Every structure is written in C-alpha cells, then in structure tokens.
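Lettered A, B, C and D in written order, each chain numbered from 1.
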Amino acid sequence: MSNQKVIRVGVIGAGRIGKIHAENLATRIPGVVVSAIADINQQAAQALAEKLHVANAFSDYRKIIEDKDIDAVAVCSSTDTHADLIIAAANAGKHVFCEKPVDHSLDRIDKAINAVSKAGVQCQIGFNRRFDPNFKKLHDLVQTGKIGDLHILRITSRDPAPPPAEYVKLSGGMFLDMTIHDFDMARFLSGSEVEEVYAIGEVRVDPAIGAAGDIDTAVITLKFANGAIGTIDNSRKAVYGYDQRAEVFGSGGMAATANNTPNSSVYSNADGVVSEKPLYFFLERYMESFVAEMRDFINAIREGNPTPVNVFDGRKPVVIAMAATRSMLENRPVKLSEIE
Amino acid sequence: MSNQKVIRVGVIGAGRIGKIHAENLATRIPGVVVSAIADINQQAAQALAEKLHVANAFSDYRKIIEDKDIDAVAVCSSTDTHADLIIAAANAGKHVFCEKPVDHSLDRIDKAINAVSKAGVQCQIGFNRRFDPNFKKLHDLVQTGKIGDLHILRITSRDPAPPPAEYVKLSGGMFLDMTIHDFDMARFLSGSEVEEVYAIGEVRVDPAIGAAGDIDTAVITLKFANGAIGTIDNSRKAVYGYDQRAEVFGSGGMAATANNTPNSSVYSNADGVVSEKPLYFFLERYMESFVAEMRDFINAIREGNPTPVNVFDGRKPVVIAMAATRSMLENRPVKLSEIE
Amino acid sequence: MSNQKVIRVGVIGAGRIGKIHAENLATRIPGVVVSAIADINQQAAQALAEKLHVANAFSDYRKIIEDKDIDAVAVCSSTDTHADLIIAAANAGKHVFCEKPVDHSLDRIDKAINAVSKAGVQCQIGFNRRFDPNFKKLHDLVQTGKIGDLHILRITSRDPAPPPAEYVKLSGGMFLDMTIHDFDMARFLSGSEVEEVYAIGEVRVDPAIGAAGDIDTAVITLKFANGAIGTIDNSRKAVYGYDQRAEVFGSGGMAATANNTPNSSVYSNADGVVSEKPLYFFLERYMESFVAEMRDFINAIREGNPTPVNVFDGRKPVVIAMAATRSMLENRPVKLSEIE
Amino acid sequence: MSNQKVIRVGVIGAGRIGKIHAENLATRIPGVVVSAIADINQQAAQALAEKLHVANAFSDYRKIIEDKDIDAVAVCSSTDTHADLIIAAANAGKHVFCEKPVDHSLDRIDKAINAVSKAGVQCQIGFNRRFDPNFKKLHDLVQTGKIGDLHILRITSRDPAPPPAEYVKLSGGMFLDMTIHDFDMARFLSGSEVEEVYAIGEVRVDPAIGAAGDIDTAVITLKFANGAIGTIDNSRKAVYGYDQRAEVFGSGGMAATANNTPNSSVYSNADGVVSEKPLYFFLERYMESFVAEMRDFINAIREGNPTPVNVFDGRKPVVIAMAATRSMLENRPVKLSEIE
C-alpha cells in the first residue's frame, strides 16, 4: 500500500451528505487525502475541515477546481449546482463524484455528459444503494441467472418522516427527489431499461406537501425492455422507520430482502413477540454503502476502470422520473420515448 | 349440540372442490348431514357418496333441488352453471353456497342476485381466502384502526404451476379465473371499493397460454374509494410453490403476512441455510379456510345472520376483472363506472 | 375404503385428553367407530358420548374390556390406572393406546409390558410430539444423515402456566409429568439411548409448587450412547405462551425449529415490530399431532405393523425421569444403569 | 473535538488481534494516535507500522513501556505475557487494554490486579462480545427488568473451524481459550455470579485435538447466585459458520438473538428457500465490537470513568474455566469456592 499513489480529493458542500463523504474519504479509504473542503457557508467548511484535519477550507469552490494537486472532486452541494460543477471539474481534468440527481434538466445533464466525455475523466453518480449488500445480492442473483428470466420486480421505499415543506418546494418533486433512487434500483436489479411508466401519486401524509405542489404517497408501474414488469411503492412517512426492500421474481426463482435492524433480538412477553424496528433512516441504513461507493470510485480512478455508476446512469432515472410525473398528471401510461 | 336442528345439504359437483366441501360438511362441521351428491358424471357422484356414507348420489342435480328435506345446496359445478343453480336453489327456497366466480356475465349474476333477494335465502360465495388466518389478521388490523388510514395495499398471488391450455380456454381469462380471488382480497383488506384499475398482462410462463388467448403474468394497480392505492402481482408459475402474501400500509403502521410452510425447521450446512418451501398449492394452504367458510355458512343459516361473503361480494370482483381486462387491452386506466 | 374392516374403539377416561382422542377417533379417522366411552364420572362419559353420537357410555371401564366387539382401547384415565388398564385390555385381546406416562413404577410398567407381549396385541404410548411436523422433520434430518454425527441436542419445553398445586401433588413430579415428553423427544431426535443424566431443578415460578414438593424450573443434561450431549430446559411458566423448540447439531449441519403461531402476520408501528405469540398450549400446538398419532395406531392395527411408539418406548422416559430426580436430589450425574 | 487531548497508545503484539486493534485505534477512534507498535517479530511490527503510518516499530516492548509520551498500552501478545505486561504498564503509570484471558494462573492474575490497583490506572480486558449489539440488547433487557427474575440463560458458541493442534497445545484448553468468552457473557447477561459448574467435554470434531489433550465439543451447566440456571454449548466446528447466539428467560419474558449474516436476502427456488449463512468467524461478526470496546476504553481514560470490563472481570471467567475443567475431569458439579 505504501507505494500506491495518494489520491487527493476536494469536497464541495459541507452539508449532511458532504460530511459523510468527507469523513469516509478521510478515515475509511486508504491512500486518500482530503485536501480541501468548500462550502458557500465558510463556517461549515471550516468546522468540517478541522474535525477531519483537512488542510484547507474555502467558501469558493473554484479554489478546489483550480488546485492542480487535487485529483478528484466530490460534489455534495445543492442539486442546481451539480451540472455546473461536473463541467467545471471535468474541464479542469478532475475526476468527479456527484450526488444524485445530476440535474432536473436533461439539457444540462447532457452538457455535463459531454464535458465528462470530452475530458476523459471518471464520473460516478451517488446511487449508493447499489452498494448495499442486500440489493447487491439481488442484483447478483439476477445477473448469475438464478432468477431466470425476470418476470416481476418489486421495490418498497418508504421514508420514516417527510421533509419540511420548504425543502419539498425546491426538491423537484418526490419522483426526482426520492423515487429517483428506486428508478436507479429498478435498472440495477432488472439489468434492463424502463420503456413505459404508469404512476399514481397522492397526498396522504401531509397536506402541507400537497400545498407545496408535491405528493407523498405513490405507486409506480414500470414496463422493462426485457419484458419484466416492475412496481415501486413510496411513502414519505412510515411510522415504523425506513422501509427499504426489494423482490425479484422470475422463471428460475425469487429473491427478496428484508430491512436491516440495529440488532437481531426478539423479545417475547405476555403482550407479544417484538423485534427491532428498521434502522431509522438512510444515514443508519446505508452508512456502509456510502463507504463502498467511494471505495469503488477511488479504485476506478486508480485502476482506470469504468465507474460502477456512470454519468449516463445518472441521466436515465431523471428521464423515468419525468415520465412518471407526466403519467401522474395525465393519468395514463407514458413511454420514455415521449420524454427523450 | 344435541338439540340443534340438523342442516341437510346437497352438494352439486363432485370434482376437486366438490370433494373438499362434501368431506368438510360430512366430517368437520357438527350438526350437518350431506344428504345427496349430484354430478353429471354419475360415477363420480357415486364414488364420493360411498366414501362419505352419503345416502344419495344423482347424475341430475334437479333431484337435489326438488328434495324438500334439503335445506341448503353447495354449488361446486362448472362456472357456466353457477348462476342457473343459484336461481334454481333460491327458487326452491334453499340456501346456497356457490363457488367463485358467480358467472362471467354481469347480467346473469344480477339475475342470480334477484332470485336470492326475492327468495330471502342465504347465499355465500366461495372466497375462502378471507377465512385464512393470515389474511383475516390483516383485515382485522385495518378494521380495528391499527393501520390508521390505509395508504398502500400489496397482494402477491402466484400459482406453483399453470393449468393446462384447455382449461385456460374455458376459464374466462386469468383475471376472472385467478386474480378474482385477489380482487376480492383487495376489497376485504381495504374495507373499501375499487374505483379504477390499470392492468399489465403478459405471457412469460407458457406460450400455449398465449396461444389460448390468455396471459400468465400480471401486475394490476387499483385506486380505492378511500384513497388507498393497491397493487396485485400474479404469476401462473412460481417454481418455489404457492406464493400468497399481502401487506397493508397506512398512517398508523404496516402489517404483512408470509407464506405457510409444512414445518418451521431451518437446516444449516456448509451450502447455506435452508427453510421449507411454501405449502404447495391451494389444497394444502387453504384447507382450513375451506372448513371455516363452510362453518360460517352453516352458522348463518342456523342463526339467520348475514353470510360473511354475500352474493353482492360475488359480483364486485367480476366487475373489477372486466375493468382489468379492458385496461390491459387498451393500455389505459379504466374506471369501474365504465363497466357497470 | 368401503371394504375396509371397521375398527371399534372404546375410550376410557372422558377428561381433557379423553375428549380429544374420542373426537379425533370419531370424526377424523376413516373406518373407525367409537363404540363406548367409560369414565368413573358417568355424567362426563354420557355427555361426551352424546356429543359424538357414541352408542354407549359407562361408569365402569370393565364393560369396555368385556365387550367382544371392541377391537381397541384408548386409555385416557389417570396415570395410576394406566398399567392395570393396559394389562386388562391386553388380557382381553384388545389393542391399547395409552397416554403417557405408563406408570410411576417400573415394576408395574414391566408387568404391562409382559401382558402386551404375551397377548401379542398392539400397544402405543401417547408421545404425540413425535408426530408434530417440526420435530418429525428434525428426526428425519438426523435419520437421513443430514446432521452427520450428532454432537449436541437442545430441547426447550416451557408451559404457559403452571398446573394447580393439587395436581402437582399427584403428578409424580415435573420430570415424570412434564419433562417425560422431552425425554422421549431426546430419544426420538437423537436416535440413541440416554446413558447418564445431570439435572438441576428449582422453584422459581410458584412457591406453592415448592410447598407441594415439586420444582417448576429445570435444566437437564444428557449423555447419549452415541456420544452426543443433550440439554433440556423446562419451565412451568413462560409468560409468552407454550415454548416448544428443539435443535440438533452435528458434523454435517444443524437444524432447529421455531414455535408455531396462529398466523404469520408481522405488524410494525412506531413502538416496534410485533409478531404473534406461540400457540397457547398443547391443545392448540399439538392438535394435529393427536390426530396423526391415532391414525398411525389404527394403521398399525390394520396392517399388523409395529406401532411407532411402543410400550418399551413408554418405559425408557420413566427411567430417565427417575435418574433425573435422583440427580437433582443428590446433585451429581446419575447413570441410567443405577436405576434399571 | 479539536481541543480534546490526544491519547497516545502503544500496541504490543502485531499478530491477528494486534492488527485489528492497531487499525481501529489509528483510523476509527477520533483523538487517538498510535505512537508505536512492538512485536518480538520486528518485521511484523514494521509492516503494521508502515501500513498505519505509525512512527515507531520495535522488537522490544520495553521501548513502549519506557516512552513517557505514551498514555496507554494495548496488550495483544501471547497469553503467557499478559500478566507481566499489565504489571509493567501499570508500574509505568500507563492505562492498559489487555486481550483475554489475563493469564492461566490465578496467582499471576492477582499480581496484575494488585499492580493495576496500586497504580490507579485504567485496565480493560478484551471481552469484546459485550459490545456486540445483539448481546448488549439482551443485557439491557435483563438490566431494565424486562426479563423479570432470570430463570434460564442459554449461550450457543460454535466456531466454524478448529484451530491447529499446535495452537491447541498452548491454548490452556478449550474452556480457557474459547469458552472463556461465554463465561464472561454468562456473567454479563445474568448480572450475577456463577457459583457452581458442571461440564461435559468430548472429542467429536478432530482426534488430533484429543491427542493434544483437549476437547472440541462441550456442554456446560451453570448455577448463578441469583438462582438462574445457565447452559453453554460449544463446538470447535460448525460447518455452517460461526454460531453465536444467546437467550435469556425469566418471569417477565424471554429474549433471544440470532446470528448475523452478510445480507438479508432469501432466495426461493424449486429446491428450497435459502438464506445466508452466518458471518464466517469473529473477524467478520465482531468487527464493530472491537471498535466499540476500544472507544469505551479511550473514553474511560478521557473521562476517568470505570472501564466497562475491568481486571476483576478478567479474573472471574478464568476461575469458572478452572471449575469447568475440574468438573469435566471428575464428572461432578464443582463449586467456584473450591477453586478460589
């Protein structure tokens, strides 16, 4: 390990997800140095840098882009900045890890794709759930033929608590903000492309979400190119915690995953038999997958192999989300070809 | 018990389901006597009668209808005879238990409903799954408010092996033949009425089923009057056995059922951790529910209470199945009001 | 079936277990007629006979023994009468099904064994748990070599509520009354004989049980002839219900069973994830095993095959219980050879 | 965090467990610096130091003891050195984390206890399983009264593969080498002291282990001061992987844990329903508990609170192991008072 080239990473965005990636890069992945952290909130950048013994903290992300010693950038800022930052980093010859979604506009996504292609840098999008051991196992069972021809795919994805209405207003809508993970998961598990979408969305959890123009409960049906049918069900509020499950069913068999819990204890008394609730939310459930995706990103840089979730994989779920939105509004199945 | 009036039942149809009901009536339900068995195949009627020590076996069902000592009739013959037999039995003042579906024609179902209403007899339709302890528990959790407002309902219903193509041709299609149970289950679990249906159906299991004009794989989405959204997924062939599960999700919590297995053993060796497959098919899985539904039918006769699944409950799933068929053919959501 | 000889059975004892066996014989097993029921409480015999349409009810069991048309006797009376009734029935040439334990005295058991051997009649002891699908599966896994050489056997057997102290006084002690089932299970699962026993017994549940000279909590360790080691843990009171599990571990693998529940539902809300408690007690848990053991008894009579649990199998657990009692009193391991 | 005093740790022993603790201290616990690594094998110390960017690597542990800047020592060398190293570290005023067992001799353990007491340093023994979330939950349920009075405690602890015979020869025997963790767990879960032990040990897995004078299969029964009864079952070889479970049963309820698996997938096909095997061995299963115990050790140093597993906790399991050994050899229950 000692003769391995150190990879220097700049982290842009010191919010919730930026903190996670910065800490994982700094402590969990050998051969990586976090050189700088930038955030428009200078204090946030400074505090995170101190905690992680990072040398530089900036309020201007351009100081990272312009630093020739930095090999790669982790884009953890707000969604509206993603495409620009990918382009800036790629133009500066830096590899890019970017949080999902790439953007709410296909046009801007395509510009980012072009910049990445032209620069020949590595780009990975933060669909971390692919790195969760449960979902990865389902993926592998499909890929190795254990499921046979895939017939039915089911994804359940329910948050423990809805975001505040102000967040909802800027989120692009539940399909772009939340279901986008499930659209990526649908592609990942099926190994096929979605061709048509039918979506039902409703406001059942919080009227304030409806007032903000969004929905909080949805069932989405997908037709895949390989003939499989998929269903996704979403809620912004599962009172028992973060509910993240999937099932693949085909000619050769079926595989399903359960939620993860803080421990395996089962307590029985006169009132019933009680086991633990699911891990509360994505920080708890997916912590290891955040490490794993970053490890793969660094490896891709080191080895020159393709990243496991490339920038095209970042575009597709946005298209599906757009089709889902149109389907919901027009109450009819919508083909992806109508969007693209 | 000894001073309870004996209920005399005639069973029409000595096929697979007729045998089950006749045996359950004869041995498992106190205070019932099976007086006669009729089947157009006289030998089948005779064999079953002998096995169960039933006094009379006929080839002509009218001998049962005309027998003044018979209180109730169990209609277990082919679907195309159901409506006529309900009408004949009702007109003769006999209570009727009738297998599902009542008929493939709403017009004929309505005639049967009228006959039952006019005669004032009891009529119960054979949606036995309502009596399965797993599904009954979900129903009770919804009814007692433990689920809160219902948001999402999921039903998985997959057979272990497809029926022969000849059977498929006469079956009325998968939605009327197989999914009809799930449509009833959706009403039972949700405590609400379906308003709109979107169905995707495909031939993935057996091309012969497609050649017979039917499908073998489906995902159906339901909108309920109470605002809940439902999904049903069906397959004619789950290689691991009969897969019968449901899940209800709402503002107060979630409840789900698992499949039943022949025993609870878990065997671990160097190759993995293996538990039992689901009970093979409906005879194994639902045997006790066949007893329970009949027990309730006999009680309803005895007590004069309403039957738990009345003839109107027999009509609704047929309407949903028709809407699902139209939805699949026209690839659009179909309102039940378009059918009725 | 119709040309099969009818087996006529007399049931002696119309208490809790007598009722179960009488009803199962009368309704669940084809080709059997319950001819008579005897109980020293004539009213109990009469009531049960009426309920099951049994022709004869006696207060004197000898009327059953003397009835030449009766082929078999089910002994469901109190333990102190078992040996005498086996002997009387055998001497009268009748097959005998007898509840456990055969007796509290080895001498009397041996007399019963002799009577059965001399008469050449079938004799089956009511170790019904062998017929439970969970335990039967473990047994089969051991027998078919899937466990390899058996190293460790674990049995958990806990009642939901202790019996009244008056019952305890006449019960022969927990080892003879309750653990005797587990001693039989240990032989059944291991396929080997117990050679040495070490038992710890305590009064933890109810001081009244201690005052009656008995214990209510125990852990028993067994050494088997095949080199396996077994542990049994018992309690008279598991507040969550009847806890009946076992585990077999060996060179080839491990298999374990779980408790049975009334349904498979799992309910998740803000307080936790709740599944059903075990079926309450032996009537619920083992109902089907009571049918199965009686079916095998009747088959053994019909076919002339050995019964699955013969009178020698009835003796061994009594010996183990005696060794366990001595071990507990003397706080040392006790060899079975010290007892026999 | 930035104004927190840095704790400087020296690690003695660069073998399997030394590597784990050194890496965890270096990367997973904020505010800790690993200053030096010592191993009689200088190359091993050097390699580990390089990997973790540790400044010093020594072949002589005394360089660590004599380094005034080092606050604490992690003793990860062979068991026969533990007591001396604790004493040397304590005498030098350093806090000590020491792997289990402290020693095979009570006399030497007592000397280590005295040295720690006299020096007033913190001392923690590496019973890491107490920090596993499964077992910690059982402990908490007992402590918070959810189990009520504890009646029965069961621990299953089986390794996936036996150690080499050479290792066995120096191990002090299975009770001191392997079961010692379970003896500590018994104290931890019961919240009580063991008073008497009865142990059965056999050679069932590997004759070479028997030839080395040890056993590989055992069942140990414990009597606790609080009246509870405990059973431990051990095997050096569970072909399905590392089997680590416990169960606590009392007047208020029961709680049990299951094994941890790499993912929650369940795969069903025509052959059966297959879930994942347990995590292979202690490195996989207990990795997070190694981090957690070290975090608590560092916190105890920082806060001046007692360590969660002190040096007296390191002594007791050795006494129990000695009693178990004598019990096995003499085939009788042995009181701890006979040993102490």
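One rule holds in what follows: a contact is a pair of C-beta atoms (placed from the backbone, for glycine too) under 8 Å apart; a residue touches a chain by one contact, two chains touch by 3 or more.
Keep in mind the model is a prediction, meaning the values are calculated, not measured.
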{"item": "Maximum centroid distance from chain D, chain identifier (CA atoms)", "value": "B"}
{"item": "Contact-richer chain pair [A-C vs A-B]", "value": "A-B"}
{"item": "Listed chain pair B-C, A-D or A-C that repeats interface B-D [over half of contact pairs the same by residue number]", "value": "A-C"}
{"item": "Euclidean distance of C-alpha centroids - chain A vs chain D, Å", "value": "39"}
{"item": "Intercentroid distance (Cα basis), chain B paired with chain A, Å", "value": "43"}
{"item": "Distance from the mean Cα position of chain C to that of chain A, given in whole angstrom", "value": "58"}
{"item": "Shared interface positions of chain D, touching two or more other chains", "value": "238-240, 252-254, 268-270, 276"}
{"item": "Footprint of chain B on chain C - complex, ascending", "value": "1-2, 27-28, 50-51, 133-134, 136-138, 141, 146, 252-260, 262-270, 276"}
{"item": "Complex contacts: residues of chain A adjacent to chain B", "value": "149, 151-152, 154, 156, 158, 198, 200, 202, 204-205, 217-219, 221, 223, 227, 229-231, 233, 235, 237-240, 243, 249, 251-254, 331-333"}
{"item": "Of chain C, residues touching chain A in the complex", "value": "238-241, 268-270, 272-277"}
